[in-house]
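Have a look at this one before I ask anything.
Naming follows writing order (A, B, C, D, E and F), and every chain is counted from residue 1.
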Amino acid sequence: MPYVTVKMLEGRSDEQKKALVEKVTDAVSDTTGASKEKIVVFIEEMSKSHYGVGGKRLSDAE
Amino acid sequence: MPYVTVKMLEGRSDEQKKALVEKVTDAVSDTTGASKEKIVVFIEEMSKSHYGVGGKRLSDAE
Amino acid sequence: MPYVTVKMLEGRSDEQKKALVEKVTDAVSDTTGASKEKIVVFIEEMSKSHYGVGGKRLSDAE
Amino acid sequence: MPYVTVKMLEGRSDEQKKALVEKVTDAVSDTTGASKEKIVVFIEEMSKSHYGVGGKRLSDAE
Amino acid sequence: MPYVTVKMLEGRSDEQKKALVEKVTDAVSDTTGASKEKIVVFIEEMSKSHYGVGGKRLSDAE
Amino acid sequence: MPYVTVKMLEGRSDEQKKALVEKVTDAVSDTTGASKEKIVVFIEEMSKSHYGVGGKRLSDAE
């Protein structure tokens, strides 16, 4: 606790995800006062065919 | 904003998903007054082995 | 099934929410083929102090 | 209703997931008074590279 | 880990929620093999005006 | 996109939440390459009576 979920398009590299978890944890700890070891981060990836803005999926917009 | 998540069993066609995003966006815009370009739709699919009703998974009910 | 969650800022009227549930259900039924009685809609409201875009909360942007 | 989501690391067997849905449904029914046939359970699996505690992903901790 | 979210209508007593967390944790531990102290349960309540089935909110069905 | 949800116990100050949104957005932008104006942050608060670890709610542990 806190529990952080980051939902984003698939395609980031493993190094980017590793850094994401590390830096988001730091940001949450610094601003909420929660100790780092209690902070949990989940990454959820979505495909362009399952994500739409303005009524149009990203996979249809290309 | 608004953000809409549609969770459903896998198996719909790409055309169905395209229409789903389009029509749900229209419905949300018409009823909430939000402009279409601000409405986001996420589709999440689940398998029959990860979904249960009444204590029984759909994959076990067949 | 399907399960639809609509997350939006608080402040819509009861009539708007009623219409939202009705019209979104129609849109999901028409495009996925699911029967209306199986479609579930959840509304989740958030406050402007719990929602940020570009690093700035809506409550701070006013 | 109620709707239960169980988020866990991938790797459990099909038998474990079957029992999970059955036993969680029983527990929710017994304690809330909801009838079993109205209780829905979703299983969501995550990989070790998408889950971090204390700023470190499980895939990096091994 | 695992993380369990139980979403249900508001109105259960504090004793019911206490028992819910206890019994669901037991059920998840027994079936997945996860140790009890690692299992997290979140309760989310919703109102009848924010929940609809078949296009109709529960608050409108009464 | 990305969409970040931070779920935590209620009780943080408005200043802490403001800083949380700002710093998490920076962390996500720096590590994923997403532009800041596209990053969305949601804060979700929970009470101690709706959150349990190891089968025991925080409100019962005090």
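Keep in mind that, in the parts below, a contact is a pair of C-beta atoms (placed from the backbone, for glycine too) under 8 Å apart; a residue touches a chain by one contact, two chains touch by 3 or more.
Note that the coordinates shown come from a computational prediction; the quantities given were computed from them, not determined experimentally.
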item	value
Shared interface partners, meaning chains that touch chain A and chain E	D, F
Longest centre-to-centre distance from chain E, chain (CA-based)	A
Pair sharing more residue contacts (C-beta pairs) when A-F is set against C-F	A-F
Between chain B and chain D, centroid-to-centroid distance (C-alpha), Å	21
Whole-Å gap between the CA centroids of chain B and chain F	25
Numbers and ranges of chain D residues touching at least 2 other chains	3, 7, 22, 26, 51
Contact footprint of chain C on chain E as seen in their complex	7, 46, 49-57, 60
Residue numbers on chain C that touch chain E, as the complex places them	14, 17-18, 21-22, 25-26, 36-45
In the complex, chain B residues that touch chain C	1-9, 12, 16, 19-20, 22-24, 26-28, 30-34, 51
